[in-house]
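Order as written gives the chain letters A, B, C, D, E and F; numbering starts at 1 within each chain.
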C-alpha cells in the first residue's frame, strides 16, 4: 500500500483538537482542528422562530459557513464583495444545518432558533466535516446552558452528530483527506452519522472516474470507523468543558 | 406491502416520455416527462472556454436549472426578483453539470462550452433526476451535430448518464418518488450512473430519522434498476431523433 | 407589392394556435403560438392585495415576463445571473399588466391578486403581443374558476383584450412581424385593443427613419384588423376549454 | 369647454424656460423648465464605443434619467437604496436615448459615445418630455463643441428633436399635462418628433377607459402643434448660447 | 506666502451664496454655493421613527448624499448602476447625519424622522462641508414649519451647525480648499462646529506626509474662523427666508 | 478621579498580546488582542496592480475588515446576507488602508498589491485601532519575506504605524476604551500615528455633547502616549518572530 502524503495509515484521522469556549460571548463555542484545518464554531440562541414555524411550538437549528480570505493557500475574495454567498457555501451550510438538526428534538427546543456559525480560520481539506463535528459541540454547549436555565429539557439533544470525509486516492480508499489528497482524489465522500450508528447523509461524487458498488461499501465503512473516533473526541471535550 | 399513491410497484418508474427537438433554435433539446414532472432541456454550444481553461485545448459542460413560477402547485416567486439563484437551485445545477461531464471527454470536446439549460415546466417530484436524464439527450444531440460538422470526434460522448430518485416512504424503499411521496419520505436518495454501471453521484439524506446500512444498500439497488430502464428510454429517443 | 419572407400577405397573421390547460396546477393557463413564437401563459390567484390597495375592497392584476435562455437563436443569459430583470423585460411586463387590467373590473375582483406569468419557450418576433393575447386566455380561465366558486361575479372580466404588432418593412406596412422582418423594420408598432374596438395601447417607434401621419394611420388600421381575428381565435379556444 | 387647473387653453404649453451652460464642466448642458417641472440635462462625450460597435466607425448616444428624492411632493426613495433603477426609470431612459438618436448621424459621430444625463430637480408632470427636449439642447451644444474642434462634421446633428405630452382630461384633449391633470387623465400620450414634422415615437396608454380612433387623431394633432412651438424655443436658446 | 490658485488669502472662504426654497415641495430646502461647488439640500419630514426608536417618543435626523454624474470634470458613473452607494458616499452621509443631529433635541422632535438630501449639482471641492452647512438651513426651515404648526417647540433646534475644510497646501495651512488645492494637499481636515464654539467632528488625514501637533492646531484654528463666518451667512439666509 | 470599569488608570492600555504567524498560508499574519478584543490580521501579496496604477511602477496596500457574527455580545448578521458591506465596515477598511499606506513607500513596493485582512474574532471596543496596529505587523512580516527574496528593498517599510482610541467618559479623558466605556462616551477619538511621532489620522466625534479645544488637546495627548507604548509592543513581537 502506498504511504499517504503525511505518513498516515489509510484509516487514520489527522490529529483532532477541540478548544471549547473560544468565543466568550457565544452561548456555546469551540475551535476545532482536523490537522491544519481550523474552524471556529459558535452557537447563538435567539428567542424567535423562522416564519414557517409560526403558530407551532417548535424551534429550529440553522448554520452559516464562511472561509476567512486567507484561510486558503492563496487569498480568496470575500463573498460579500461579490454580493452573495456562492453555490458551494450555500450547499455546505445547508448540509451542516440538516446534520445538526438530526441531533435535536425540535419540539422540545421550543419556539427559538439556534444559529451555528462555522468560520474557517485555516483550510486544509475537510472544512465541512470539521464544521459539522465542531458545530455539534457548540450546539450541545448552548443547549446545556438552556437546560441549566430550565428553558429546555436535557433530552432536547437526542444524540451526537459527527462527520468525516473519505475518498479514493491513487486507487486506495483513505479517510479524512487533507487538501493535497482531496485535489488528487478520484472519488470524494462526505458522511454524517448519529451516535446510534445511523446515517444522516451519504454524499459521494466521482471527481474523475465513476465508482463501483464495492468502492461505495469500502468508503462508507472507513467513514463509520472515523466517526466512531470523532464521537470519542467530542465526549472528551464536553467532559472537559464541564469541569 | 402498502400500495403506492398512484398504484405503482415499489420498483416501478412513472411513465417516461421524451420529445426531442422541442426548441428548434437549440443545438440539441428535448422535453422530458417523468409522470407529471416535465422539464425542457436545451444544449447550447459556444466557441469559448471558461477562464480557468485558457491556455489548454479542453472544453467544458455546465448546466443551469430553473423552475417556471407556476410549475408548482402554488406559485413560486421568480429567483430574479430576489436578485440571485437560491441555494437549492445552485446545488441542483452543480449536480447536473457534474453528472453530464461524467459522460464527456473534455479534451476531445476542444476549446468550447456546452451549456445545458433545464427549465421545469411542471414539478411533481424528481425534477433534478429528470433534468440529468433529459439533459443528457440534449447534450448528446448537440454533440452529434458537432461531430457531423467534423468539429469533434464521435467518441467525445463516452457513455450514457441518467439519474433517478429513491426513498423510504412509510418504511418501504420505493423508486422515482412523486411530490406527495417525496414530502412524506423519511430518507431521500438521488443516484446518477453511467452506462458502464458505475456511480457518478450517490446522495442520500435522512429527512426524518437516520438510516442504517441495509437501507442504504436497498435504495442503491432500486436506483440501479431504474436507471437501467432510463438508459433504454434514452436510446429509443435518440434512435427516433435520427430518423 | 414585394412578397413577405414567409409568403404571407401584408395583412395576414401567422398561424395562431392556443392550447389551454397546459400547466395543470395553475388556475388558468395556455400555450399560445404565433408561428414559431411560443409563449406559456399561466394565471395564479392569491388571496392578498398589493400594499397600496390596503383598506380598499379592490384587487389587482399584474404580469411577469421572461424568455427561456434558448428561446432565441443564440443563447441569452438568464436575467437572474445578472441579478435583476433588464429594462426591456420590465417594460414588457408593465405593458402586459396594464393591458390585462383593461379587461378587468378590479372592484368586482375583490381583495385578491392575479399574477399572469408569460414565459417565452421560443421567440420569433411578437413575444409581447402573444403574451397579451395568451395572457388574456389564462386570466379569463382563472376568473371563470373564481366565478364558478362564487368568489367573483362573471362580469368581473368586462371585455376581451388582444395585441398584435405591425411595422413598415421595405416601405410597406405589414402585420404581425416575425423576427427577421422585425430586425429589418423601419417602424415598429404594438397595438393593444379591447373587444369594444377601442385602444388600450398604441406604441410606435421609428427604428430607422421617422414616420409621417399617413403611415401611423395605415399601421393602426392593419393592427385593428389583426386584433379582430385574434379575438375570434380567443373565443374558439375558450369555448373548447369549456367542453 | 371647462377651464384647465392653471387657466391654460387646451392647446397651450406651460411657460418654457431654457438656461444653457448650467453645469460648467459638461460638454453641453441646460436647465429646462416646463412650468414647475425642472430638469437638468448634461451631455458628456467619451472617446469610446459601446461593445457592440467594436470594429465599426460608428458612435452612440445614450441617456440616463433620475429624479432627486425631493423633486416630488412627498419624498421618493433613491433607487440606489433599492440597488437598481426601477422599471419606470429604465423605460424612460430608453425612450430618451432612442429619441435623441433620431437626430444624429451615428456614422458621422465616429467611434465615441455621448451620454445625456437628465436629472429631475422638480417634478410636476411631463418630466420625460422635458428631458427629451432639454436633452436635445445639451446634445447639440456638445456636438457644436466637437465640430468646432473639427472632430465631427456639423451635419452630424441632422435635425431637431422635441417631445410633449397630451391627454384626455375630463373628456377633453389637452396639451402638456401638469401632475394634477396627469393623475386625472383617462388617456396619456407622449409624442416625440423631428424637425422634419415626422414622428419618432407615439406612445398612448388608456389609464382608465380605452380610447377610439378619433381621440388618437386629436391627441396626435395637439402634440404636433406643441412640438412646433418647442422647436422655436430650442432655436432661441441655441442662438442665445452662441452669442 | 505663496498666492492661492484663485488669489484668496489663506484664511479666506470662497464666495458663499444660499438660495432658500429652491425645491418648492420640500419642507425646507436651499441651494448653497461655496465658489463653484453647488449643493441642493432638502429636508423631508416623515411621521415615523426608525425601527430602533420604537417604544420611545424620540425622533431622528438622517442624511443622504449624492453627486450628479456630470457635477465632476469628467462624468462619474451613477452609483445605482453599480447597485449600491460607494464607501465614500456612505462615509459622507454618515458624517452629515451626525453633524446635523448635534443641533437637534431629538426628544423634542418627537416620533418623526427628518431626512436631509444633499445632491451635488457641481463639485469643486468641499462638497461635504457645503452639505452640512446647507443641510442645516434646510433642516432649520423644516423645523420652523413644524413649529409654526405647533408640532414641535421652537427650541427643538438647539444651535447652529456648519462645517468647513482646511488643509496644508505646499506647506501652508489654508481654508476652504477648491478641488485643485484639495488634490495637491498634504493634509486634509474637515471640521464641524456648533454655534456654541464647540466641535462636533474633527477629521484630519495625512494624504501625503504625516503632520505634527503644531499643524493640527493651526488647521483647527483656521477652520474655527471660517465656521464663524459661515454662521453669519446662515443667519442672513434664514432672516431673508422669513420675510 | 472615578475608577474605570476594569480598574485601569485613565492613561492605561488594556493588556496587549500579539501572536505572529497565526495563519500559516499568509505571507504575514498575527492575532492581536487589546484586552478581550481579538483581531486576526493577514497580509496577502499579489503580483498585480489596481487599475489606476497601470503604466506606473508603483504598488498599493489595501485593507478589508469584517466581524465574525458572534464576535459581539449578541449575534450580528453577516454582511454577505445583506449583499454588501455596510457603511461602518467600508469606513473602517478605508481608514485601515490609508493608515498602513503611511508606512510604505509605494514606489519601492513595485507593481504589486498587499491586501491586509482584519477579521474580528471578538469585539470589545477598539477593533479598528487593534486592526491598524496588528495589520502593521502582518504587513511588515510580508514585506520582510519580499525583501528576503530580493523582490523589494528593506526600506520599503519606512516607519511603524499604530492606532489607539481615546474618549471622554463621565467627564474624564481616558485611553483605549472597552465596549462598555465606548457606549457611554461623550466624545470618541481614534488617532493613528507613525514612528516619527507624526499624525496620520485624527478622528474625533462628539457622540453626545460637543467638545472644546482643551478636550481635543487632552485626548490627542493621551493617544500619543498610548501609541508610543504600542510601538514598543510591535517591536517586541517582530523581534520574537525573527528568532
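As a working rule, contacts are C-beta pairs under 8 Å (C-beta built on N, C-alpha and C of every residue); 3 or more make two chains touch, one makes a residue touch a chain.
Computed from a prediction, not measured in an experiment: that's the story for all the values here.
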{"item": "Interchain contact steps from chain B to chain D (minimum; 1 if touching)", "value": "2"}
{"item": "Farthest chain (mean CA position) relative to chain C", "value": "F"}
{"item": "Chain at maximum distance from chain D, centres defined as averaged CA atoms", "value": "A"}
{"item": "Centroid distance [mean C-alpha coordinates] between chain F and chain E, Å", "value": "28"}
{"item": "For chain A paired with chain E, centre-to-centre distance based on mean C-alpha positions, whole Å", "value": "51"}
{"item": "Length of the line joining the C-alpha centres of chain D and chain E, rounded to whole Å", "value": "33"}
{"item": "Chain F: positions in contact with at least two other chains", "value": "83-85"}
{"item": "Arrangement of touching chains [line / ring / star / complete / other]", "value": "ring"}
{"item": "Ordered ring members, chain D first, chain E second", "value": "D, E, F, A, B, C"}
{"item": "Of all residues in chain A, those that touch chain B in their complex", "value": "83-88, 90-91, 93-94, 98, 102, 193-194, 196-206, 209-213, 216, 220"}
{"item": "For the chain A and chain F complex, residues of the former touching the latter", "value": "22-26, 29, 36, 40, 42, 44, 46, 64, 66, 68-75, 78-81, 83-85, 115, 117, 119, 121-122"}
